[in-house]
Structure formats: C-alpha cells, structure tokens
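You will see chain A twice below: alongside chain B first, and alongside chain C after that.
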Partner chain A sequence: MIRLEKRPQSSHTWSMATPLVAVLATMIFGGALFGILGTNPLTAIRTIFFEPLFGEFAFYYRPQLLVKGAPLVLIAIGLSLGFRAGIWNIGAEGQYIIGALVGAGIALAFYPLDAWFVFPLMIIGGAAGGMAWAMIPALLKVRFGTNEILVSLMLVYVAEQFLASMALGLMKNPEGFGFPGSRNLQEYESAHNAELITGTGMHLGVVFALIAVIFAYVLLNRHMLGFQIRLTGDAPRAARFAGVKPARLILFCLGASGALAGLAGLFEVSGPAGQVNIDFNVGYGFTAIIVAFLGRLHPVGILLAGGLMALTYIGGEIAQGQLGLPSAAIQVFQGMLLFFLLALDLLTNYRFRLTRGEVA
Partner chain B sequence: MDLSAINPVLLIASLMVAATPLLLAAIGELVVEKAGVLNLGVEGMMIVGAISGFAISVETGSPYLGFLCAAIGGAVLSLLFVILTQYALANQVASGLALTLFGLGISSLMGQSYVGIKPPATGEIWLPILSDLPVIGPIFFQHDPILYFGIALVAAVWVLLKYSRFGLILRAVGENHDAAHALGYKVVRVRTLAILFGGACAGLGGAYISLIRVPQWTEGMTAGVGWIALALVVFASWKPWRALIGAYLFGGITVLQLNLQAAGVAIPVEYLAMSPYLITILVLVILSADKSSAPAALGRIFHASN
Partner chain C sequence: MSDILLSIQGLTKAYPGVVANDTVSFDIGVGEVHALLGENGAGKSTLVKMIYGLVKPDSGQMLLRGQPFAPPEPRAARADGIAMVFQHFSLFDALSVAENIALGMEDPPPMRDLSRRIREVSETYGLPLDPYRTVGDLSAGERQRVEIIRCLLQYPRLLIMDEPTSVLTPQEVDILFQTLQKLQSEGTSILYISHKLEEIRKLCDTATILRLGQNVGTCVPAETTARDMAEMMVGTSLQTPERSGRALGDVALDISGLSVPSPSAFGTSLKKVHLTVRKGEILGIGGVAGNGQDELLGVLSGEISTPSDAVMLAGAPVGRLGPTARRKLGLLAAPEERLGHAAAPDMSLTENALLTGAVREKLENRGFLRWGAAQGFAERIIEAFDVRTPGPANAARSLSGGNLQKFVIGREVLQDPEVLVVNQPTWGVDAAAAAAIRQALLDLAAKGAAVICISQDLDELMEISDSFAALNEGRLSAHKDTAGLTVDEIGLMMGGAHGMEVAHV
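So, the complex of A and B:
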C-alpha cells in the first residue's frame, strides 16, 4: 500500500525541480491538446518554444521577450510578497489599468509641453495610481476585516469600466476623427517610454523590473520586514507571538504590489501600447499570478518564469499565424501549467512511502 | 430621460431571471464552504457550464439536455479542484484561481464555432389560472422551469443541511475536520461530493446565462457573476434562504442599472455598469464585521497524518 507521509522538512531538490517537471508535463499534455485541435504536437511545441528564440525571424521576436516579460515580472514580484504572507491581491489587472490611466492622464494634461519632468511625473503618478487602487482592499481589510480577494477582484471590473469611460470620453483624442482612444503617446516625445537601446526592446520598464527583482531579493533575505512576511506565511501563530503587526504587512504588501502593477501599466501605455484604449490591457495582471507561482514566489524564479511566460505569449502568436492555432489554446496552455505546478508541489512537502500490512 | 419607460412588472419579472444564475452558483458554493472548502473557481466553472450547455443544446436542439451537460461540465472541471486540493493537498486559493484561469481559456476554445448562433428556446411554464393573473402572473408564474428549479434547490439544500444526517456530517466536516475524522467520517469523500455538487450548480448557473438570460455565446460572458456569487455566500452568512434574498437583491441592482441605461439617465453608461461591483464591495464591508457564522475549518487543508 502506498501512503502519503509529511516530510519533516520540505525538500529543497523538489522545490527546485517541480517547476521544470510542471513545464515538461504541460508540454506533453498541451501538445496532446494541440494534436486534438488538428496541429502536429511536435511542430506546435517547437513553434512556441524555439521559433521566437532561434527561428528565422528571431531578431524580431527576441526584443519582444523583454517587452512582454517586463510587465509580467514587475507585477509578479509585487504579488509574490503578498502571496508569501497569505495576502491575496488578485486584482493586479485593475491596478495596472489605473496606473496606466493616471500616468497617461498626466501626459495628456501636459501635452504638447516639451519638458524633461513630464516622464518622471508620469512614473510617480503611475505608481501612485496603482498603489491607491490597491489601498482600497488593503484599508478595507485592515479596518473592517473585508476579504481582500473579492474586493480586489471586483475593482478589476470597476477599473475596466473606468477605462472604457476614459477612452471614449475624457481622454479621447480630440484630433482622432471620432475613433475611441487617446492621443498616441509614442508621438509625444516627452511622454514616450522609448527603447533605451534601439532594436533591443529594452525600455525603462525592463530596468525597473530588474531593480524590483533585486529589491525583493534583498527585502526577503536581508530585511526584517521580509523576514516578517516569510514568518507570517509559514507560521502565522509564531508571527503573532513574535509581535508582527498584520495591519502593517497588509498595507505594505498590497501597496507595494499595487504600485508595481501601476508602474507596469504606465510603461505599457506610454511605450509598446502607446495609447489609452478600451482593450489596451491584455490580462498581464492575471497571467502574473501564474508567473508568481511558477517562480515559486522567489524573485529570481519569477525572473525566469516571466521570461518563459513571455515566450509562450510570443510563440503563441507565431503559432496563431503559422499553424492557425486559436489564441485561446495558449490561455489553456498557461492555465494547465499552473495546475501541474500546484499538483506537483505535493512532492515538496510530502513523500510517498510503501507500507506493509494494515493502515490505521 | 424617461423613467416612465421602466415597467415595474417587467422589472420584477426580469429581476428573477437576472438573479437565477447568481442563485444557482451561490447555493452550490454555500454547500462547498459548509464542508470547509473555499473554491474560488466558481467563475471558471460557470463559464465552462455556459459553453457546454450552449454547445450541447445547439447540437441536440434540446435546452434541457444542454442544462444537464452544463451541470456535468461544471462538475468535471471541479473534479480538477478535487484532485488538487483533496489529493494533492494544494493551497485552495491558488487552486481556485487556476480553475478560473483554465476555465476561461478552455471555454473560449470550445466556443469558437458557436459565436453568433441562437440557442433553442427554453419554454416557459404555463399554469392554467395563476399565469393569467394580472401583475402576479407575469411576475411569478411565467418563467422557465430552471428558475423554479433554482428556488427548489435552495429549499432542498436548507432541508439537507438542517435536518438530514448527511447535512450534519457535512457541517461537522466543515467545522472541525480532525474531530470528524476521529469520529470515523470520511472527510475527503464528503468534501469531494460537496465540491462536485458546487461545480454542477455553477455549471447550471452559467448555462442559464448563455441559454436563457442573454441568450447567445460570447467569450467571458459571465463577467464576474461567479465572483459576485462568492461574495453572496458571505452576504448570506452561509444560510440558504438569505442567499435567495441576496441573489434577488443583486439581480434587482443589475436589472435596474440596465433599465436606467435604456431609459437614458444622465449618468454615463460605464458608471452605471460599475454599480453591481461597487455595491458588492459595499455589502462585503458592511457584513464582514461578523465572521462568527463562517465554517471554522474553511480553507484549511486536511491530511489524516496531521
């Protein structure tokens, strides 16, 4: 008889290995799914994972890796802080939208002024906007004990409506011939989040993402607050006895993740996306949840996971064009990855034992 | 603006229709949470139910077969949640999110060839004298059978939880799974059944949106109803009849804001469309002060070795 037994200590090896095994399992089952949809599984997997990096047009796709990876890493780093402490911000998509709106709003207010301070102001505004949006569930949780999961998620729908209202009303381009959407910020020098080195995809958001990774690493490993976050997640009772103030942690974790999501939104709207429009958000806020878990809530892991997830986005687009694979198939693929990851996590904390005779 | 364009009788009648998907999903989740499991995948199970019900009823021409398959579809998806949380002992919050993300993806994959099609109509019941009554007839007695099934389900769940032996075991498992295990009850089995029931109910609720309420298929058409259903369970303090009241309240808000949009009120459409979500937050704030009625073992992982 096979029995499940709790490990005295969680296994370090398995903790490292599960993401890799999960990716492998997703490739196999995802390939099977693509097979059912009528594409050759091997071709599909090759197109998604190898074409963007080593294919004929890799020179075009490689920069995209940074463009798509940066917002995912920025958001996921913020989310991972809260997830570690059992504080669940799942409304990053809303904070991303609000950050973009505040940042773009500042830019549009200054248009067409040509000044050095416009972009820094937008960065501050984007972070503040995202943070303020995340502070709503944070303050409600601290003050009234309201469930932060539901509130942060409800606010995504509110933010989406708000975005629609802005794109069709207040922020609409007066010279846009009646089309929805704001002025294109790529054409406004002072507000454009341009590539730092042309042709690399390296914009300021990528730099911020890397800085966020380093900060999160130092915070979690070297700082008292990071220790309190980890302690609260691993042993809530011990944390209480050690004098950790839950309210402070909630405000910090939600505020930080909101600010980072807001930044991600700002860099997207002022760079790759270019304008505020009804559908400018593409669900990075939700995909970042997968990235955070795939990276095992560890800053370096998240960096790698963000790259991998960006790869599936780009590869998915190529597969759409070349193989006619539906875009939803990639979404399923990404969801599948999270499933395998959560299921295989069992092996980190438990082990299988063969036992003889009866079991109590 | 023309408020007189809003017909109160039609308003109340459509309120009941708008409330039914919420009610079905919420009553399922209520049973799940009573068993001590927090399944945040309601939205995903609803949307999968919406498309499986839609697809089957279009293919077979029978809406009832569609509803049946929607329930099965929702339950199959919730089976994944069972495997993750009951057997792989994964975190319930993360697993629920995974279920929603996966469900949204798989539903749009399944629904590609069904965009823009009209489903077969679900007939309305017709009771000889009652349905002909003025005012009361159109409000209460001219609906589809699924709406009445939803109300009957609330009554059934209430009786089951309160008066049956199985209900007592289910509540015991939800309050203290270690004690229930020590008494010899099969914690995992009870929870599995509860989760499957919740999945089937969510699937039914989703199909109600795609087959009756809208009725057509569009990607992501549940638009947060699953999440509002989760909030509704908190609102109801885990009591079936209060879930019914709550669902009608939320249904009323949804219908009212749609009517106000149609009547051309001076408030922009987007702000009216926000209102159900904002009111959900408001209700959560008001009710979150009292957590005494929440099942004590809600969201905790059970493993017999602990």
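So, the complex of A and C:
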C-alpha cells in the first residue's frame, strides 16, 4: 500500500525541483495531447518553448516576452503578498482594468497638453485606481467579514462593464469615425509609455516589475511586515498572539496587489495596447494567479515563472499560427502546467511510503 | 489473581528511526489493575495499540487466556473482550449520549432498549448519565463516562484506560476509582496508563514501567515510593524544584470585575473575574480545561481587548493595548497550544524566536529585521533551556512536544518579563523537562517577576505556586494561600464534581 507521510521539515530540494518537474510533466502530457490532435509532439513543444527564443523570428518575439511578462510579474508579485497571508485577491483583472481606465482618463483629460507631468500623474492615477478597486473587497471584509474571493471576483465583471461603457461612451475617440475605443495614447507623446530602448520591448512597466520583485523580496525577508504576512499564512492564531492586526494586513495586502495590478493596466494601456477598448483586457489578472503559484509565491520564482508563462503564450500563438493547433489546446496546455505544479507541490511537505497492509 | 488474562511476550515494534517497543514482556492477571508507566515517547501508546489491534507487532506474541492472540483490527480485539477508553474522546457534540453510543456499536439495539441498558450500567457502576442528554452540554468528566459506559456495554474482560484522570477534578477521580474498583472486584482486568504516580499508588496492584520502549521494571506501587517510580521512568535521579522564601512586592497585575464574552462560539465567557498578583508571587490557577483558561490567557496577552482599566499592569491601564504594546511593558505570555498559537509550525526556531521577542530583544530596527540577533536569541534559548534540536534553522514542527514547550517557555523567560502568564506549561512534557520548566518559573519569581500559572495539573500548582485560585465556568474563585490547602478544598474551589457526588456505589 502506498501511503502519504508528512515530512518533519518541508523538503528544500523538492521545493526547488517541483517547478522543473511540473514543466517536464506538462511537456510530456501536453505533447501527448498535441499528438492526439495530429501534430508531431516534438515539433509542437519545440515551437512553443524554443521558437520564441531562438527561432528565425526571435528578434521579434524576444521583446514580446518582456511586453507579456512584465504585467504578469507585476500583478503576480502583488497577489503573492496576499496569498502568503491567506488573503485571496482573485480580482486582479478588475483592478488592472480600473487602473488602466483611471490612467487613460487622466491622459485624455489633459489631451493635447504637452507637459512632463502628465505621465507621472497617470502612473499615480493607475496605481490609485487599482488600489481603490481592491479596497472595496478589503473594506467589506474588514468591516462585515465578507469573503474577499467572491467580492473581488465579482468586481471583475463590474469593471468589464465599466470598461465597455467607457470605450463606447465617455472615452470614445471623438475623431474615431464612430468606432469604439479611445484615442491612441501611442500618438500622444506626453502620455505614451514608449520603449526605453527601441526594439527591446523594454518599457517602464518592465522596470517597475523588476523593482516590485526586489521590493517584495526585501519586504518578505527583511521586514517586520513581510514576516507578519508569512506568519499569518502559516499560523493565523500565532500571528494574533505575536501582535499582528489582521485588519491592517488585509488592507495592506489587497491594497498593494490592487495598486500593482492597476499599474500593470496603466502601462499596458499607455504602451503596447495604446487605447482603451472593449476587449482591452486579455486576462493577465487571472494568468498572474498561475504565475504567482508557479513561482511558489517567491519573488524570484515569480520573475522566472512570469517569463515562462510569457513564453508559453507567445509560443502558443506561434503554434496556433504555424501548426494550426486550436487555441483551446494551448489553454489546456497552460492549465496542465498549474495542475502539475499544484499536484507535485505535495511532495514538498509529504513523501510517499510503501507500507505493508496495516490498519491505521 | 493467579490466573493470567493477557500475557505479553517479547513484543517489538520499530518505526523508521525509533524502536517504539523493544521485546516488552509482562502479564496482566484476571481482576488485576495493572499500571503502565512511562514518560511521553516511552512506548506506552504503541504497546496498547498493539493490544487493541491498531498496530501490528514486528515480532513477539500475546496470549489471551493461554490462546495466541493477534487482533488484526480493533473489531477483533473488541470481540475478544478488550475495550479501550482513549485519552481524546471521539464523541459527536450534536448527538445524544445514546446516539453516540449506538454509533460505536456493530449492531445497535433499538434506541429505547439501548437507553435502558445505559441506565442499568450507569447505575450499577455509579456513573450517573442521562442517555437523552446532548453530549455538547456535558462536562469533560461526563463525556468520559460516556466513553466508559460505551466500553462497559461490551462486558470487557480487559479495559484499557489511557490517562483517564487528566481531565477530571479530584472528586471525579475518586468516583472513577470507585467504579474501577467495582469492575476489578467483578474480575475485569484494567490496564491503566498514567504518569500520575500518586494515583497509581492508590489504585493499581502492579506497575510495569517503560523507558525508551523497554520494560525497565515491575513493581508493586503501594510498596514503592513515588520518587522511586519516577526515577525508574526517567532513568536518572530527579531534581525537585527548589523554592526559596520570597518576599512579595507591590501589586504587579490586577484585574477587577472583568466580564468578557468568548470570541469563539464554543468558548467560555469570563464572568466577573478578580485577579491580583504581586511581584515575586506565583499565582496558580487550577480548573478543568474549557472553563475559561484560553480566554483568561487571551485577556492577559492582549489578544482579547477589554475596557482599558479592566487590566492594570503595575497601576497603569493596559486593557486596550495589543500584544506588542504589552510586551513592551513587560507583560508576556505563553499559550497552551504550542503548534499554531505559541509557535508557527512551519517556521524556523529563529523565526519563532522573533515571533514574541522582536520588541524586548530589539530584533527589529525601524521595521527591518535583525536576523543575526534573532538567531542569537534563538540559540540562547536552545542553550539555556536544553532544547534538543540540530539548530535554530529547524522548523518548530520538527521538535518533540516537550522540546518545543521548553523553547516556548524559554523564549518568554529569557526576555525578563515583569509579569509572565503561562497556560499548561508542562502539558505533555516529560518529567525531566517539566521539572526544568517549573524551576525556571520559580527562578523567575525569585528575581521579582510575577508569574501566573494556569494549569490542570494540581500537583504542579501545589509545588510551585504561592497562592491558588480555580476557574470554573468562567468564574475565578478567591485566591487562597497554597500552604495548608487540602485536596478537598481545591476540589470545591474547582466547582465540586459536576454533580457526581450523588453517585456512590
């Protein structure tokens, strides 16, 4: 009989190894899936994982990695703080949308003023917008004990409706020939989140993502607040005993993750996306949840996981284009990654044991 | 008593890394009350689990009335007349007594017949119990009676009892003993597991002492001193904590007329609690668990907020202050629940040292953590309190209960508290470690700190405390000097025997 046995200490080796094993298992089972769909598994895996980095058109895809990875990392870092403490913000997508709307709103309000302060104001606005949206579930939880998972998730759909309303109404481009969507911020220099070095994909959002990684690392490992976050996640009662005020922690974690998601939205709308439109959001807020767990809620892990997710995104698009794989297959592939990671996670704290049949 | 009911011959059971039982042999006679003595981890539980069919021995054999006996599962053991009352009850709060008992039966009779049988058995053995009462409303002693009656309904030939008195008041213990003696006179054998030596001397005919999985001796408890038995258990000579005469100083902590509702639905609210402890004094607070101990600790540690002047620390109101602010003022606490409350299971000992030590040991600097200092503090605790662990980087959950308890108490003691509150400081801790913890509390008081020791272990409270009060249903009795206090008085302070005194055999 195979039995699971709790390890006295969580295994360091396994906690490092599980992401790699999970990626490997995803390659094997995803490859099998692609095989069943009639594509050569090896070609498919090669296309997804190697084409974007070393393929013929890598010069185009490599910058895309940064463009896609940065918002994922930025959002996932914020989410990981709350997840560590057992505070579940599932609504980063909504905070991302609201951040983008507030930022873009500021830009459109100043249009066509050419001034240095427009973009900094937009950054502050983006962060504040995302934070305010996250404060709704936070305050409801602190005041009335509501479940932040449900409230934050529901607010995503509210934000999406809000986005549609803005794209079709208040923020619609007056010179847009009646098409939905705002003015293109890429054409408004004071508000454009341009590449810092042309052709690299490196925009200010990438810089902010890196800063967030460092900031989160220092917070979690060197600061009392980070210690309290980890303590609350491990033993909530011990945290209260240590003097942690749960309400303050909830406000901080949801606020910080909302602000970072808002920032990601702002950098996206003023840069790669360029305009507020009905389908401006593409699910970064949800994918970031996967990234956060794939990175084991560790800042450096999240950085690597963000890169990996961006890779499967871009690789997946290439595979769709070149190999004709359905997009659903790519999504299943990405889902497998999370599934294997969470399943294998068990091995960090448990080990398998073969036992003779014995009634326990 | 010359007949042998159960003969245990060379039982061995090894788990990875530890031999729980190493060729243990002894006999239990018919109608004998046989004590199984040993420290935590000595192998008592493994041994009775083998008898009860929960664990299979690696080697050795058992003979029941001369016949080979190897129960593959508890059901088989029960069929052969072996019953067990576990230390932790497995009862459903929402069901009635009779329903709970029916759940444990192979083939329960109709409820009315069962209730009648429960009444019969409970009257025969002096264990009054209404079959229709809801278990959630019963006291710990009454719950134990449910478990005992559940066993007696099977007419067992051997009744195994695992630390049955740890949840009882002295009067309830007396009644339990009368029941056991009646059973014994009817020829039922009893295997009685305990580490309370005085009880064993009163009740048991024979005692087998286990140490590190081995049978280190058999004795007749009535003819052996408690000290000798304790030394056989520990394997070394024991050091009795020393108490020196102390002069009591000013009032260190004062609670007057405090009523607080419990934060938990199943908790006990505190009702008009008065409490005063002076510098250099150890105040022992006795009482059966679940009578407001957790709430009292929460009120003192700052986890439960109260009106500001309800809790006065050296004359200053602290009722509204949280745990961190109270620590700054010198009011420290060590809760009962080691894993999850006093310590975070998955965090290292260094991190756990930081958990309460941050303020007084200056382990943080403007919010930034001084890991070096925290590790140093953890190492000092490990060193001073002889915590057995490879080092401060190990997770709290990897420590044994006693070692973690030493760490938790040591962490607070080393911070030089003005007032220290401990809840069950030696619960589940082996005798040597318990002695060390008690000595540390006495030393702390000798240095002029006030200590409040909440405990269910009356011997412990008698040994170390200067004054005694009891918690009963959230009410705290008046304080009395420990010197000259009799067991009967203590029992009455603890709220009597929950209505059990009516039952005499």
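Note that in this section the second predicted complex is superposed on the first by the 357 of 360 C-alpha atoms of A that agree within 3 Å, B and C clash if a C-alpha of one lies under 4 Å from a C-alpha of the other, contacts with A are read in each partner's own complex, and residues count from 1 in each chain.
Throughout what follows, a contact is a pair of C-beta atoms (placed from the backbone, for glycine too) under 8 Å apart; a residue touches a chain by one contact, two chains touch by 3 or more.
The structure displayed is predicted, hence computed values, not measured ones.
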Practice item. Using the overlay on chain A, decide if chain B and chain C clash or can fit next to each other. Key: fit
Check your understanding: For A:H12, is the partner it touches chain B (first), chain C (second), both, or none of the two (neither)?
Key -> neither
Point to revise | Which of chain B and chain C A:A328 touches, first, second, both or neither | key: first
Practice item. Report for A:M224: first if it touches chain B alone, second if chain C alone, otherwise both or neither. Key: second
**Study point:** chain B, chain C and vertex chain A (Cα centres) - angle in steps of 10°
**Key:** 70
Study note, to complete from the structure: Counting residues of chain A touched by each of chain B and chain C, the higher count belongs to B
Practice item. Check whether A:Y350 is in contact with chain B, with chain C, with both or with neither, and answer first, second, both or neither. Key: first
Practice item. For A:A238, select first, second, both or neither according to whether it touches chain B, chain C, the two together, or no partner. Key: second
Practice item. Please provide the least distance in Å between a C-alpha atom of chain B and a C-alpha atom of chain C in the combined superposition. Key: 6
**Study point:** Doubly contacted residues of chain A, that is, touched by chain B and again by chain C
**Key:** none
Check your understanding: Which of the residues in chain A come into contact with chain B in the complex?
Key -> 4-6, 37, 83, 88, 90, 140, 144-147, 149-151, 153-155, 157-158, 161-162, 164-165, 168-169, 286, 289-290, 293, 326, 328-336, 338-339, 342-346, 349-350
Exercise for review: Please name which positions on chain C make contact with chain A in the complex.
Suggested key: 53-56, 72-74, 301-303, 322-325, 327, 333, 335, 337, 339-347, 351, 354-356, 358, 364, 367-369, 371, 394-395, 397-398
Check your understanding: Which residues of chain A touch chain C in the complex?
Key -> 8-10, 222-225, 227, 230-231, 234-235, 237-243, 245, 358-360
Practice item. Name, in rising order, each residue of chain B that touches chain A in their complex. Key: 40, 80, 83-84, 88-91, 93-95, 97-98, 101-106, 108-109, 112, 219, 223-224, 227-228, 230-231, 234, 268, 270-271, 273-274, 277-278, 280-281, 284-285, 288-289, 291, 303, 305-306
